[in-house]
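These are the structures, in C-alpha cells.
In the two complexes below, chain A is the common chain; its partner is chain B in one and chain C in the other.
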Partner chain A sequence: MIEIFLYTSAGGLLVAFIVWLVFHGFSRTETALEPIASTVIELPPRALADRIFSDTVDAEFVAKNFPPALLEMYRRERRSLALAWLKAVHHAGVQLYRLHVSVARGSSILNPRVELQVACELLGLLVICYTLYALVWLRGPHSLSRLVGRVLSLTTQLSLYVGPASFRQPEIDRA
Partner chain B sequence: MLALMLWRGFRTRLWPKSPVFSTYIAFDLASSLGGFAVLSAKPAIYSSYYWSSQIIGDLLGFGVLWEFYRRALAGFAGIARFARLGYLVLLVLNLTRALLNIFNRSLWNAASLWSLARTTIDVERNLRLTQAVFLLGLLLALMYYRIRPGRNWGGLIWGYGFWVGTSLITLTVESQLPGFAVALGYLQQFVTMVALTIWVVSLWKPCPESPMESPIENGHPHAPDLRLEDSLVTLARVRAHLISGIKPHYD
Partner chain C sequence: MLVASGAKDTFEAALADLQNRTLAALPNTLSRLVYLASTRDYSTGRYFHEGMAWRFGQETTEAVLAAAHRTSLRDLVMSSLPDLAAQIEAYLRAKEEPLELVLDVWRRLHPYRIIIPLNTDPLSAEMLFSNIRLALEFVKCHSAVPVAGSQAVQPRP
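Here is the complex of A and B:
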C-alpha cells in the first residue's frame, strides 16, 4: 500500500507541477534579460521591528489607561504593522533572489555549491517568513523577536552570496 | 498521430536538432506497426514483444530526457552545465543502486536485470519513476531560473512529463491491482493521445528554441559590476562569518 502511495504521489506531483508551471509558474519568467532597476536591497528598520515585536511598554500603557476597545484597536494596528514589516523583509529576499538569478542566467560558469546554498538560504527565508506571517496572524506580533532576528540574519547571508549588491538597513530613532 | 508528429517535426526542422527524440518517435511508430503485425501473425508472442518494446522505449526515454536538458537550457550555458551535472549525478546514483541490487542477489547476468522486479510492469514502472525524478529536476531548474523554453521544446517537455507522470500512476495501480488492467489500458491509451496532441500542437509552428542565444561572458548588460565570481568570494566570507559566530551586520 505504501508502494502504491509513493509511486502514484510521484506521478501526481509531476503532472500537477507541469499543469501549475504551464498555467501559472511561467507568468513570472523572463523572455530576455530584464533590466535591473537597482542593486541596492533595502531592509525595513530593525529598530521598528524591535518596537513592533518585543516592546511591551506601549501595550501596557494602553491597557492601563484606555478602554478595552482601544486596546483591541491597538493590537489590530500592531498586527498590521508587523505584517507590513514582514512583507518588506520578504520583498527584500525576493529582490535578492531575482538579482542573483539575473546574473546566473547570463553566466557561463556556475558553481553548483554556491547555487545550492543560495537556493537553501532562499528556501529557509521563505519558510521562516511564511511561518511568521501565520504566527503574527494567529497570535499577534509580540514575543517573536528571536525569529525576526533569524529572518534578518538569513537575508544578510543571501545578500552576501549575490556579491557586490549593497545592503542597506536604515535605522530610525526610537520615539 | 505519431506519423503526423514525425511530419510536423520534419516541417519545423526540429528533427535534425533532436536526433534522440526523433529516433524515439520513429521507434514508437515502428513498434506499434510491428505490434499489429505480430498480433495478427503470432498472437502468442505478442505479450513478450509488447513488453520488450516498452522497455527499449523507456531506455530510449533517458536519451530523450538528456536532449530535453540540453535543448531547453541551450541559451544559458552556465545553468545548462549545472543541470547536466545534476542529470549525470542522478544517473550514476540510479545505476549504482541497480548494480548493487544485482550484486546483492548474486545473479551477475543479464537475466538478473529481469529479476529485479516481480514483473516487467514493475521494471517499466521503476524506469518511469527515475524519468519522473529527472523531469522534476529539469522543471525545478526552469522554474528557479525563470526560464520559459521555446514553444516547440516546451510542448515536447510538457507532453512527455504529462505522459510519464500519468503512466507512472497507471502502471503502479496495474501492478498492484491486476483486475483493473483492461480499464487502465484504455486510460493509458487516452493519456497517450493527450500527450501526442500536446506534441503535435506544439510542433505545428516553428519557434525560437530558447529566449537567449548566446551566453554573456562579461556580466549582466544592465549591471556589469554584478559577477557570480564575487559570490564565490563572499561565500568564503560567509563561511568565516559562520565559524566565528559573529552576528550578522549590515553595511
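Here is the complex of A and C:
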C-alpha cells in the first residue's frame, strides 16, 4: 500500500513537472535566439562545398587532360579537402550545440520540445557526417551533394538557436 | 552620419582608383593577388601604397588594399581548375627566367603560400593551395619541360 502511494506520488510529481515545463517554456524560443557575445563559432565555407562535392568542370578537365598519376593526385587532394570540410562542419555543429546547451542551462525557462528538436538536429547532423566520412573515404567526394546539402541545412538550423552574433560566415561566403 | 558617409565615399573612390589605375592593367586574378600581397609588409601584415596614401590617407589605403586582396583571393579560390592552370601558366611564362626554373621553384618552395590575406579561413587557403599544386603539375606535364626531382609524372605525348 505504501509502495503504491510512493509510486503514484513520484509519477504525479513527474507529470506535474513535465506539464509545468510545457506550459512555462513557450517563451524559450525567443531566449534561444538572443545573441551570445562571448563565443564566436567559425562556420565552414559553404561556397567550397559545391567545389568539393559536386564540381563537374574540374573533374571533366582532369579526366580529359591528366595522366593517371595526376588523376590519382587529384582524387587524393579532393578527398583530403572533403574530409577537412566535413571535420570543420562536424566541429561547428557540436560547438553550436554546446553553446546552445550552455545558454539553456542558465535559463529559467525551458521548452522541452525545442531542446528535443535541437538534440535531434545535432544527432541527424552527426549521423550524416559519419556517413559522409565513410562515403568520401570509400569512393571520393563526388556526387554527394544531396547529403552535403542536408548537412548545410542542419548546420543553419543549429546556428539559428544561438543567434547571428555567435557565429561567423567565412569571408568567401560573404560575396 | 556625415563623417561615416564621407569615409565610405573616400573608400569607394580609393577602391575605384586602385581598380582602374592599377588592377585593370594586370592580366588575371593571380597577378592581382600577387601584386596586392606585395603591397603588404610581411612582418606586420599592414598594407602600404605611397601614391594612394598621399591621395586618400594611410587608413583608407590599408582598408582598400585589404578589401581588394580578399576579393582577389575569393575570385581565385572559386576559379575552375582549367582557368587557374591557364592563369598560372601565363604568369610563369611572363617571368624573364626559364619556365622550368620557375616551375621548379614554385613546386618546391611553394611561394604561393604567402600571397593569401592574413585572416583567410584554413579551408579556403587549403583549397587554393591544392588547386595550385594540381595546376602546377598540369603545366609541367603539358609544357613538356624536364623538372628536377620529379620522376613520377611523365609528360603526355
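Points worth noting:
The criterion applied here is as follows: the second predicted complex is superposed on the first by the 128 of 175 C-alpha atoms of A that agree within 3 Å, B and C clash if a C-alpha of one lies under 4 Å from a C-alpha of the other, contacts with A are read in each partner's own complex, and residues count from 1 in each chain.
Methods note: contacts are C-beta pairs under 8 Å (C-beta built on N, C-alpha and C of every residue); 3 or more make two chains touch, one makes a residue touch a chain.
In this text, all values refer to a predicted model and were calculated from it rather than measured experimentally.
By the touch criterion stated above, A:8 is placed in contact with chain B alone, chain C being left untouched.
Residue contacts after overlaying the shared chain place A:77 against chain C, while chain B stays out of touching range.
In the superposed model, A:125 makes contact with neither chain B nor chain C. By the touch criterion stated above, A:47 is placed in contact with chain C alone, chain B being left untouched. Partner contacting the larger number of chain A residues, of chain B and chain C: B.
By the document's definition of touching, of the two partners only chain C reaches A:67; chain B does not.
By the touch criterion stated above, A:109 is placed in contact with chain B alone, chain C being left untouched. Listed in rising order, the residues of chain C touching chain A in the complex are 70, 73-74, 77-78, 80-82, 117, 119-124, 126-127, 130, 133-134, 137-138, 141-142, 152-154, 156. Those residues of chain A that touch chain B in the shared complex are 3-4, 7-8, 10-15, 17-18, 21-22, 25-26, 28-36, 39, 43, 99-115, 117-119, 152-153, 156-157, 160-169. Interface of chain B with chain A (complex): residues 76-79, 81-82, 85-86, 125, 128-129, 132-133, 135-136, 139, 142-148, 158, 161-162, 164-169, 171-173, 176, 211-212, 215-217, 219-223, 225-235, 237-238, 241, 247-251.
Of all the residues in chain A, the ones that touch chain C in their complex are 42, 44-45, 47-48, 51-52, 55, 57-58, 61-62, 65-67, 69-70, 73-74, 77-78, 80-81, 84-85, 88, 170-172, 175.
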